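Look for chain A in each of the two complexes below; its partner is chain B in the first and chain C in the second.
And then the complex of A and B:
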């Protein structure tokens, strides 16, 4: 009895108390309060009115649709490109390390820098038009104003901009998967007469599946939170996204009647999407790796 | 014959891919750097130059009938009149604001005299003050330096909080098994991926109550939430790799637990500690949504850069700001690059 009490007080778990307190104060408490806020009306009674009001707004519906389009579009484009790049870089060639280094550079760009880099390209006198003129693909007298793109075109433009920066981080995950991949499986395929495409489809893909799903879910989590590049390139309200709506409510229409409530409610939706993705991720990675490994 | 042609063919395709990949990454960056050094005049020139210029090939013409002077700048094959004035200080001001050329009114006057003496346009050399945009953005514009320091302070606090809380957590998770350790590490993962927006919004209320609104420390509180978890994950995997026997050996020789930690464990875990600090730095340095929500008069550099883009039509000044924002990110990302790979199961580089 005496011993067990002493070991209870000497337990190293006590060192975790500060972290638990920190998370209780700065993670659990705000999370609970934002959920409560989103489910109560102005008088504080339980209601779905915030959600109803939110989805009756045209801009929010567009934001939802744009976010879905952006997430799916960027996931597909980035997967295809990143996988091709990873396969290419995985077969060592003379300068493959240098090429890998170069392809990783965009990963280091802060979102604000990405926004400006592309803004310097997309305005009428920007480098994209200049480059197209230099190649003779565009008439210098009649440059395209990329920033006047709207709706689906604008979303596609943003997918390309986003792909430029995040492709390296998707690629590096896939490349790691390929390097862990046992070459002998592939060779076995060739021995049995499979061609390159068949080996890829029937051997590489199935073995790489958990890595691919991991990379895609991580991308999804980041993609639903897109806003900065959209606002920096097009400004508010042009291409609404979910988090862009939050920023708009907080940054521009701060004193509007429902600005806070709307921002809270959208952030609950975003958090819910992210948490669903995380639980999917946990299920996938749980099959593949056991504890301690960092993702 | 056909085998050789096939080889040639595959080499061509290979080079084509190589050039495309390098071009897609490097061309935008090169143009972007050039824009950050471009004067207002150059930023409106189309097509834009790919490399920055150091001086303008220019001519100065005296117009005898109107008694004023015209500055001509080279554009393509011929020269374009950009400024006509009779006043030396007006000319000097134009050079400074539009061309990034620093030339004093008396110096302009001597050029004027030379042009007057000649009956045709005299060639003059206008040297660009190369770092003018950077000077304007960081030194002359109000608040940029303060924003830079805010970013650094927020990053410093984030590193401190994450290392202390995350490092301890990592150590405990690596060394002891307790009842909820799996649940605990899973919840750390969830925290790590939780969107910052969903935290910053409700936290503003508490931060205001704590009288910390609009301070870098308040930002650090939010940035630390995912970073404590990340630090715990990184350090725990490293602590697991440091053998317990090593620690026990030190204690056998009479070292206390604290001394063992200080002289054996921490030095061995130093790379992981550096890596998690750099992660924490990058999280604070790159963020803009939390800063947007939680600050008012004390923005961070990333937020300031974002705001200047909205207010200016030509992006040469914000580009200069973004280049400065970019440098630490670039350096630190490439330092921890090998860590990213290790976390993903070792990509040999």
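And then the complex of A and C:
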């Protein structure tokens, strides 16, 4: 095939060059280096030794388990709460805009501030215990020391703190979806004999599926990468998560023998987990998109 | 006792707007009734109250001897065709038709045969396995009709179902809906703002304005015997020519003079004997309404002379715009007639078709 010189230089493909250069330099190259680092030993030869060493560490196995629990637990809790909240706010009652504004406040806090805010509550004489005592749900003589929570309990606590923080972002995506939702689909359900629950299950959920999938994927990716909240509240090395381990290796034990290698290797593992879990989720929930208009 | 009875129905929204003020209406079994009115007249709100999608503020709705005023939609035994069709996008055509039947706990065989039956009537048999996104607007409309037909409800509601179709399709779907009604005899309430649709479909038209019923009647009654000035102004394309006039008598003729008397030529309406019972009104101010097609045109003969200002050919008919009594009047003539702008003509008004309305109440003044 003959391509004239003129059309070659005039091809619109050239507009893509800056993006390609940017990704090659700042994205593909470091990614490849990290993968290579994780599969080589100190001498630079190909080896699985990094993975073998990592999986023999108790802390990594705990971190893996904690991360899985955190991802599943927070995804379920946040979806249920966010959808309920979105359905409620979508009804446009008298002060719905004010309520929407209030529910969005936690989104404005940076993770460090969230950590401090909750940490002040979790101490033996923190605001959570004061609050529970005021409600009569706790005996002031026998307060709970939330900060002493470890393992599963600590993960549950972090799920609650994380839910408080990110609920608005999940809710706002679902609310946007509901606001685009043609009310007549729902009304047709009611008119043709479905009760409120059947309409929600058979009509609203399936039609909202693309929006739900988007919100859940974004949440899952963020949940697998949890670390800052855990560190801000409990400190390093107390409730291990996979990405917490990366930060720990890079920040805390910087000069330990395998610190860098471990950090690279965990990075690869986290990336793999995110890719696998997202594609599994898509397969389970997505099946085929009907390619229909939503409105 | 009528089949469907709305008694002093009223709807006030939480924000204080009263959309429906006071509706009394009785509908017989098998009737095709059209609620017609401009936007904001309360016709859709009335339909939605019938469907149970809108809470009734006051009044009652009785369907087939059962008070349904406060029942949820699913317990009312109704079907509905929505403006956007509301054909569920995640279900195939067959699933869309079958879903309401499943909810009614029909068995699978019965559902399958029902789906096939209504699909045949609506000519969508070839699309049963497709998703709505793969269908055109007209085909989706047919799916919505099939779904409504399949449930065999006591009352069929239609909320401007033709408004999203293009002009050509609208006319053919209109015929299709009428044919379906002829075959099923389902009691139907149809909401529209399009008078052509209303006149073509209705057994009875309910003209609504500002949350009230303005007039109820057959197409012929609504069009030719407008009970109020509003109906005369609303019905017809173009609507009736309306002018506030003072009636006078001159040499045995009934004459209308422009209100205010800005020197416009008075209009000769015809021999007084053609207007029995008008004696009492001579000297009074009334609204005069004459439909554009009830005015004929002749060579200028000194009576009701006017000059033609605009000519609008429409193929089957022609609309002429002239100035009568200081106002703009339209005249509709059959066929493609040739007139020059500025040409002088004489207007011949059909005395039997002239309508008068009270200047205060705007209600029709009937000739005895």
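Following the convention adopted for this analysis, the second predicted complex is superposed on the first by the 252 of 295 C-alpha atoms of A that agree within 3 Å, B and C clash if a C-alpha of one lies under 4 Å from a C-alpha of the other, contacts with A are read in each partner's own complex, and residues count from 1 in each chain.
In this text, a residue touches a chain if its C-beta (ideal position, glycine included) is under 8 Å from a C-beta of that chain, and two chains touch if they have at least 3 such contacts.
Small disclaimer: the values here were computed from a predicted structure and weren't measured.
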item: Chain B versus chain C as contact partner of A:145, first or second or both or neither; value: neither
item: Touched partner set for A:41, first chain B, second chain C, both or neither; value: neither
item: Touched partner set for A:263, first chain B, second chain C, both or neither; value: first
item: Contacts of A:23 with chain B and chain C, given as first, second, both or neither; value: first
item: More chain A residues in contact - chain B or chain C; value: B
item: On chain A, the residue positions that both chain B and chain C contact, one per complex; value: 291-294
item: In the complex, chain A residues that touch chain C; value: 94, 182, 184-185, 187-195, 198, 202-203, 206-207, 209, 290-294
item: Residue numbers on chain C that touch chain A, as the complex places them; value: 14, 51-53, 72-74, 78-80, 82-84, 86, 88-90, 99-100, 103-104, 131-133, 147, 151, 157
item: In the complex, chain B residues that touch chain A; value: 14, 17-18, 21-22, 24-29, 31-32, 34-35, 43-48, 50, 165-166, 168-169, 171-172, 175-176, 178, 182, 184-186, 189-191, 193-195, 197-199, 201-203, 205-206, 221-222, 224-225, 228, 232-234, 236-237, 240, 285-286, 288-289, 292-293, 302-303, 305-306, 309-310, 313-316, 318-319, 321-323, 325-326, 329-330, 332-334, 337, 340-341, 343-349
item: Touch list for chain A against partner chain B, complex; value: 11-13, 15-16, 18-19, 22-23, 25-27, 29-31, 33-34, 37, 85, 88, 93, 97, 99-113, 115-121, 123-127, 129-131, 133-134, 140, 143, 164, 172-173, 175-177, 179-180, 221, 225, 227-228, 231-232, 235, 243, 246-247, 250-251, 263-264, 267-268, 270-271, 274-275, 277-278, 281-282, 291-295
